[in-house]
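What follows is a set of structures to go through.
Shared between the two complexes below is subunit A, which pairs with subunit B and subunit C, respectively.
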Partner chain A sequence: MIEFDGVDVHYAKNHVLKAVSLSVGAGEIVALIGANAAGKTTTLRTALGLKAPTAGALRLEGTDITKLPTVERVRRGLVLVPEGRQVFVKFTVAENLMMGGYLRKDRDRMQADLDRVYALFPRLAERRAQKAGSMSGGEQQMLAIARGLMGKPRCLVLDEPSLGLAPILVEEIANTVRRLATEGMSILLAEQNAAMALGCAARAYVLESGKIVLQGNARELESSETVRKLYLGH
Partner chain B sequence: MGQLIFGQLLNGAIIGTLYGIIALGVTLTFGITGIVNFALGVFMMLGAYAAWYFTDTAGLPYPIAVLCAVGVTALAGLVADQALFRFTRNNLVNGLLVSIGMIAVLEATALLIFTATPKELHRVMPGVIQFMGFVLPKMKLTVFLVLLAVIFGTYAALTRTWIGRAAYAYAQNPEAAELMGVRTARLQTGVVVYSTALAGLGGALYASLYSLEPTLGSLFVLKAVEAAILAGIGSVIGSLFGGVILGVTEGVGSIYLPLAFRDVYGLVFLVAILLFMPAGLFAGRK
Partner chain C sequence: MRFQNRFLFFALAVALLALPLGVKSDVVLTILVFSWLQGMLAVSFNLIFGFTGQLTMFHAAAFGIAGYATHLSMQHLGVGYWTGTVLAALFVSVLSIIVGTICFRFRLKEFYFAIVTLAFSEMARLTVLNWNSVTNGTLGINLQEKPWLFGFKVNDTVSWYYLSLVALAVTLLVCSRLVHSWMGRCFSAIRLNDELGDTLGINVFRYKLAAFVAGNFIAAVTGSLYAYYLGSLEPGFLSIDQSLGIVAMVLLGGRSSVFAPVVGAVLLTALPHLIHFSAEVRSIVYGSILILTILVMPQGIYGSIAALLRKRHAS
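So, the complex of A and B:
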């Protein structure tokens, strides 16, 4: 679905991603785990074209998208739920969801999809007329995911959706992610919360200072010595 | 006395809607590109002279001349954006430098072409209507109504169309808007051009009421920035009311206070309002 091939990224002279190669297959959940400043957000921003790589290539369903602007990537079904939610605080829940469908040809007939995401997140349905800025962190995270879903993604990219949430909400989001994948969506999930990410994913990559240092089956990584020590804390 | 006060109220309100239409451009441009475009004053001047040219020299009917003037101003706005403003996005200081430079160049050019001799449009729409014993010049009323319609129309477009929604989303969170698929560069250019077109419309209508000088826009844009701040930056309807409040304060103020200081009254009022409401009168609204 999406594929990184030897991607390098620099912030000025700061070499932030070093020859990152990773891929997410159709309908697969792939976790990208790493500590603070490992380069997770940078990887995802590069996927969406918010940051340009200095070397390497990006492919989406086999086509090279390295030079495509963000809009075109979104149009091809690549959607990012950004770090820190980034909801439109002065818009209501419903208006936020509508913006999620901005690029769709049928954007004036989205009621069925609105109903679908409301069914997925009943809490949003109750609050559809509430301003997003006045909602709790957990509700905003759900809204950010729901807004992403309104774009009808084929590949959904999530940046630390569990950040700052209570364990029960983290579990709820994990369940939602699994459910989306069973419906055929490809998911790239960046997390510091390795337990949550590995619990969802089939495969995972471990990012350390901009390099992929470990990769493989999520079950195997869960039980590997390094991951348990450094990321699972037991 | 009643007639005098009413006359000043009306004058103030009309001048106020002119402040308001420029203020709307100031607010929109600031919200989307992060710069205060003081050059909107020269775009107003451009619109005024264009309307004068298309009516008096080219002999077009005034309403057509106004449309042409708006078109010319928008085109000039597009050129200015692509050649200059494009490089000042979200950079207040560079934006200021570019707009001040543009004022100097365009005012000097206008002076060269049109000279300092004031230009008068032949009377576009003579006649008055009587209303409850008061006399209203038809043209003034028309200008007032057209400007109101454009400002409310802009508000409706911003709240009800996808472009408006995209603009408002962008003003709240540029990167999130980009992630929704908003073409942000195009949106910024569109807003800059629309704002210059609004200023051009203001100028073209101004031309039907007052005589024209190359510097006519500079005072207006200062008042417009005042009005936008008074209303609270970002408020569309607020820029109308900010403009009208300013215009009326000046109009009525100059009955009771020395006329020479009329440009100060609005400023005093602005400071007073901001003391009590630091975010402006209409803060928190669209």
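So, the complex of A and C:
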């Protein structure tokens, strides 16, 4: 679905991503784990075209999108749910969701999709007229994911959805991610919470100082010495 | 609530339309004409500031340039007042596209955006001030012509009252249509979180520019009306004081609704005439009222009253 081919990214003189190659297949959940400042967010921002790579290529369903602006990538079904429960705090839940469908041609007929998303997140349905800023952190994260779904993504890119959430909510988000994948959506999941990410994903990449240092089957990585020591803490 | 609002607005509109029948005082009507025109300025400024979140200091320039541009196109192209106004507004739009493109391409925000637009505004003022052969410099220009409308010459205060009232109403209507459309929703999204807007694929640059041009276009039309009502033009039209005055109106009235800035415009236009003090004391009283209101009602007068009514309605 999405593919990174030897991607380099610089912030001024800082070499932030070094020859990153990774891929996510159709309907596959792929985790990208790593510590703070390992380059996870940069990887995702590069995927969306919010940051331009200095070398390498990006492909979406086989087509080269390296030079494509964000708008075009979103149109082609690549949607990012950014880090830190980013919602429009003064918009209501419903208005936030509608912004997620902004690029769609049929954006004046979104009711069916709103209903679908409300069915997936019943708590959002109860709060549809409430201001997003007045909701709890977990609800805001749900809203951010739900807003992503309104764009009818084929590939959903999630940046640290578990950040700062209670374990029970982390579990809820993990379940949602799994459910979306069974419906055929490809998911790239960047997480510091390796346990959660490896629990969802089929495959995983480990990012360290901008380089992919480990990759493979999530089950195998879960039991590998380095991952257990550095990221799972046991 | 909605119905009550509609009814209230309808009653207000009727009252304002009937007002000159009862109020014969030229002073009162003159103050109201200025209030409506300042109201247009404040509403158009709020489109850029209150809704899209960009603190522009270019408003005085858009307002002042348009007066000169209308006069020059009438003089040199031989067109009538209304065509001149349209040409002036288009000219200001082109300038806004240039200034806006520079600011938004370089992603200038908040304070930086304010300073750079202020610099452009000053550039325009100094050009007007020093280009004697065209603008007559400090002395300014006397405008003898008056606009014609449906075969009537807009000459006396009552006809100006109606013209400015209708112009304000059209401004309010257009702006309220705009902010309740998808475009308006994007304006607000940009104000609240423009990076998130980028992420969702909203063309932040294009919408910022659209708001900037639309606001300046209305300011230009206002400037043209204002100059021809006053009957004169001078470089002071483009001064920082003008822009700051507009900011004060919007903060005083409130920035979260289309209509709110009009409240501030009316108060700040009428207030100096209502406070009968010597000039030095007047400035202090005027300034204190402004500061106090902003401290006590950060949402502005209109915003605070609306919030109060909502609360009462809810309980």
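Following the convention adopted for this analysis, the second predicted complex is superposed on the first by the 234 of 234 C-alpha atoms of A that agree within 3 Å, B and C clash if a C-alpha of one lies under 4 Å from a C-alpha of the other, contacts with A are read in each partner's own complex, and residues count from 1 in each chain.
We take it that contacts are C-beta pairs under 8 Å (C-beta built on N, C-alpha and C of every residue); 3 or more make two chains touch, one makes a residue touch a chain.
None of the values given here were measured: they were computed from a predicted structure.
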Footprint overlap on subunit A, where subunit B in one structure and subunit C in the other make contact: 48, 50, 70-71, 74-75, 80, 82, 86-91, 95, 98-100, 102-103, 107, 147, 151
Subunit A contact footprint on subunit C (complex, rising order): 182, 185-186, 188-189, 192-193, 195-196, 198-203
Sites on subunit A touched by subunit C in the complex: 48, 50, 70-71, 73-75, 80, 82, 86-91, 95, 98-100, 102-103, 107, 147, 151
List of subunit A residues in touch with subunit B within their complex: 48, 50, 70-71, 74-75, 79-80, 82, 86-91, 95, 98-100, 102-103, 107, 147, 151
Interfacial residue positions of subunit B with respect to subunit A in the complex: 162, 165-166, 168-169, 172-173, 175-183
